[in-house]
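So, here come the structures, one by one.
Both complexes shown next keep subunit A, but they swap its partner, so subunit B is in the first and subunit C is in the second.
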Partner chain A sequence: MAPSLLHPPSHLSPAAALQLSQQAPFVLQSSPATVSSAPLTALFSASETPDLWLKYENLLLSCLRTGDEHAAHQCLDRLVARFGENNERVQALKGLVREADATNNADLEKILRDYDNILAENGTNIPVTKRRIALLRSMGRVPEAITMLVRFLGFSPTDPEAWSELADLYLSQGMYSQAIFALEEVLVMAPNAWNMHARLGEVQYMAASATGASDAESLKYLAEALKRFARSVELCDDYLRGYYGLKLVTTKLINYPPKPAVVKATDVDDFTVPTTPTVEKLNELATEKLSEIVRRYTAKERHWRGYDEAEIAAARELLAKDASQTEK
Partner chain B sequence: MAQIPVQTIHRDPQLFYWILLPITIVMVLTGILRHYATVMLATAPKKLDQKTMREQRWLMHGINLRGNYHVLSKRSFNTRRDALTAAFESGAYLKNPENRGQAPPNPLSDPSAMDGMMGMMKNQMAMIIPNTLIMSWINAFFSGYVIMKLPFPLTIKFKSMLQAGVATRDMDPRWMSSISWYFLCIFGLQSVFNFLLGSDNAASQMAQQMNQMGSQGTPQMFGPGVDPDKQFRAEAENLAVIEHYSVLDDVETRLLEGIRA
Partner chain C sequence: MTWISKSTTFFGLVLLAHACYSAQEHSALQSFRTTSVVSPSSPGTTAVSLPIDISLETLVATAIICFGLALGTPPLRPIQWRVWAGKIEREGEEGFMNADGEVSRDYVGNPFKMLETRPGFVDIRRQRKEFAEWVRSSDERGEVQG
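Take a look at the complex of A and B:
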């Protein structure tokens, strides 16, 4: 799929982002700099569409990412001209551009103080609140960012983006159970997001493999991780990360030192580990599916080219390791 | 049966230029004026303060949890349920905790509710005033004129619609009076406004009336006169009665069977 300016560009690969930002002069030239809302001109000129402003915003993000600050400023000027200085979203974008322009830490501190001033006036300015948290994070002040984020979620608990950011922050601090809680909140709001199911599985797998986790605990985590991965591939047939995780977890369960012969969980509230034959079958299934994905991707078959290069390489490595182990 | 002779009425061709066209042009211009008047009168949606937002979003959060509890394991669900029901019942997320248990304020005296009322009033006014003016203008200057003949035959029932203001018994319904042309314009200019002003214009009164009908049908969730404390309590009760199951319960068997099938 060609990158489009109508989607937020945060997930794009560097090449795609560059491609987008190279369109900047063309886009800026082909669309009018200002759209007048006076009755007569509105009758005779092209009408204004929400798409246009969305395009400017995404273009701005791509340009900042690729270092085209001139075009970014142009986009920002147009957005300011249309929505005014005091629009919440424009304030956040303006802050973003200033952050990109900042050369030293003192500048960033100043921007942070400006955010504080904006927030003191208007406590529900969500874009600026988020910007402030992101800035704190990128300045390396993770604990402060977490505190801010928790306070933000205290009055706006229906924000999946904020919850997943919180999960990421907690994970970066090694606080697995908090991260798992935050990811579960994301799932409550988006129950069919297979990538979030797989992500939660990954975090649970990490929690199980962490040093300091007792056997019972890590078994509990592994059981749920297995189920999360299984759910994610149930929701999305050819999801590489889901199968990859499923394979990791099942391999770990099969080689688990205290054989999970006693599948009885200590608590009825927890998930029980499936029986060993089921785990083995799941492992086989994941291996099969992964090798199919790798094979078809390598053969460049139609509809199988959308995978990430790095993920395919990781899957190939995992399969090779598995094969060498069985040979031994 | 005798052939009914074709009625011919000799009209001054100037009628077309001095009545038909002016009425049409005036109607179009009023529509455009009404559109811009509504845009100008529209108030920006009021900003929520932090406490109101907290109240509404936690309620939404409770509803989300009630709808999607099946993605959680039983343990995580129970923790959340306990926390939320306790907070909901103690009124921890209320905007005005001191007002608990009191009767909800009269929506008419609540200033935030008045805004909505005023908005509706303004819209109504923007519709009624120009209509009354044009109607009386047409009545004063053009009443009783037969201004055009439709190019197709019509049955007798259309007489009352097309010949309003012309009290004749035997005239062919194809003849049309000026006041009827006005009514036709009211209903027929929608597509002209769509062309001139874009599809979400406020010029057409039909669309506005539809809107009002629609908004009355759906109950307002956070509107004035709704007691948030009661909503929270109801939600806590809803959460308390949930019998938990999880989609993860048999997911591995489902997966294996699904692949085999």
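Take a look at the complex of A and C:
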């Protein structure tokens, strides 16, 4: 079954994207190209729904990805005809199509200059600013992209998507504490996002394992990561990613060479490592849950088939490694 | 399960219709009697009362219809955040299908996934490259198999 056209397709697998873009001729044929607002024509033609334009936008993204330029341009033309050349979102989509069509660096530079021209007219054009940042990153100019994104967050600080992108950019540069800060900002705006809690835990785990982290620092990161993963499984029952992280962190804490002396929390925000029995109990719980998930997914039980195949494989590997270690 | 609810509701409706028809017939009969038997004593005082079996039938029919409609409701959605989130992770689309095997329209999966995929910052050139590679590798695999 093809995925819905009503959601942004950027996370889909290549096969699903192909399936979507193969629908393009059918969708383009069956949906109206323009919707008239004249009362008499509106009586006799299909009524306009917001879904229609969302569909065109998502179809455009899928078609660009699979290289179906013809259908992509058709979608764009319809969107332009409806919303006009100067709509901010349409401007960003037009830029996106040009980026996809660009063959060499000179083309990209030109697109970048055009973005600058649009932004010179209206500095708070959010979609185009985001496109410009994404293009800079795509061209490998990460520091510039970071500077621009920080400026963007200066005038639009309540955009969790942008904070999350900033965290990713910092992480790609190995700047862990900045990335953690940005992710914490995301959590301020989306405190119930269980995947972002797990993501923050992962970044903190990476920071703890990074070379150059002192013992005290890495212990602090591990404690924080423990807290984040625990929160993510609290927000979401049977969350594979959360339990996987919880198991990794607790295993690391148990085997941690300098036994964590009970460090008094100096700050209210500081989180001390729980006592060893608690950590061991958490580890046992995570092992138990992970093996349950893997077992029931492998048995193809009803209501347990929604997990990602690759994630299950990783969990199985982790469990196998753990089992071989305890045998020794 | 839907046929049970549908047949129960239908049965209840038939009962209700029957009760209505009986009541109508009864009142018609009553008025016929009052007009034919000329009783000068008290035409206004004969309060037309419905026999107890018709009232009972109406009540039972209503109860059966309510029961049938309640049977036909779709399974309830979880109202606890962690249960709902767990359902999304564990079951995926499968958990949000209706009886016809269609995923319900408002299903979006994990609504916070966009914080990780970030459609506003999509790197279309990398996606195109990855897609082209995927096509090439699947072609090769197809040739090996074929």
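Definition applied: the second predicted complex is superposed on the first by the 318 of 328 C-alpha atoms of A that agree within 3 Å, B and C clash if a C-alpha of one lies under 4 Å from a C-alpha of the other, contacts with A are read in each partner's own complex, and residues count from 1 in each chain.
Keep in mind that, in the parts below, a contact is a pair of C-beta atoms (placed from the backbone, for glycine too) under 8 Å apart; a residue touches a chain by one contact, two chains touch by 3 or more.
Please read these numbers as outputs of a predicted model, since none were measured by experiment.
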On subunit A, which partner touches more residues: subunit B or subunit C?
C
Classify the contacts of A:Trp304 with the two partner chains as first (subunit B alone), second (subunit C alone), both, or neither.
second
May I ask you to decide whether A:Ser138 touches subunit B, subunit C, both, or neither, giving the answer as first, second, both or neither?
second
For A:Ala17 in the superposed arrangement: first (subunit B), second (subunit C), both or neither?
second
After superposition on the shared chain, which partner residues are touched by A:Glu234: those of subunit B (first), subunit C (second), both, or neither?
both
Going by the contact rule set out at the top, does A:Gln325 touch subunit B (first), subunit C (second), both, or neither?
neither
Answer with first, second, both or neither: which of subunit B and subunit C does A:Pro191 touch in the superposed model?
first
First (subunit B), second (subunit C), both or neither touched by A:Ser4:
second
Between subunit B (first) and subunit C (second), which, if any, makes contact with A:Leu96: first, second, both or neither?
second
Could you look at A:Arg65 and tell me whether it touches subunit B, subunit C, both or neither (first, second, both, neither)?
second
Which residues would you name on subunit A as touching subunit B in one complex and subunit C in the other?
234
Can you list the residues on subunit A that touch subunit B in the complex?
39, 43, 47, 122-124, 154-158, 181, 184, 187-189, 191, 197, 224, 226-228, 230-231, 233-234, 267-271, 274, 278, 281-282, 285
Residues of subunit A touching subunit C in the complex
1, 4, 7-8, 10-11, 14-15, 17-18, 61, 64-67, 96, 99-100, 102, 127, 130, 133-134, 137-138, 160-162, 164-165, 168, 186, 190, 192-196, 199, 234-240, 303-307
Of all residues in subunit B, which touch subunit A in the complex?
32, 36, 47-51, 53-54, 57-58, 60-61, 64-65, 68-76, 78, 80, 196, 198, 246-249, 251-256, 258-259
If we count contacts the way the header does, which residues on subunit C are in touch with subunit A in the complex?
81-83, 85-95, 103, 108-110, 112-128, 130-132, 134-135
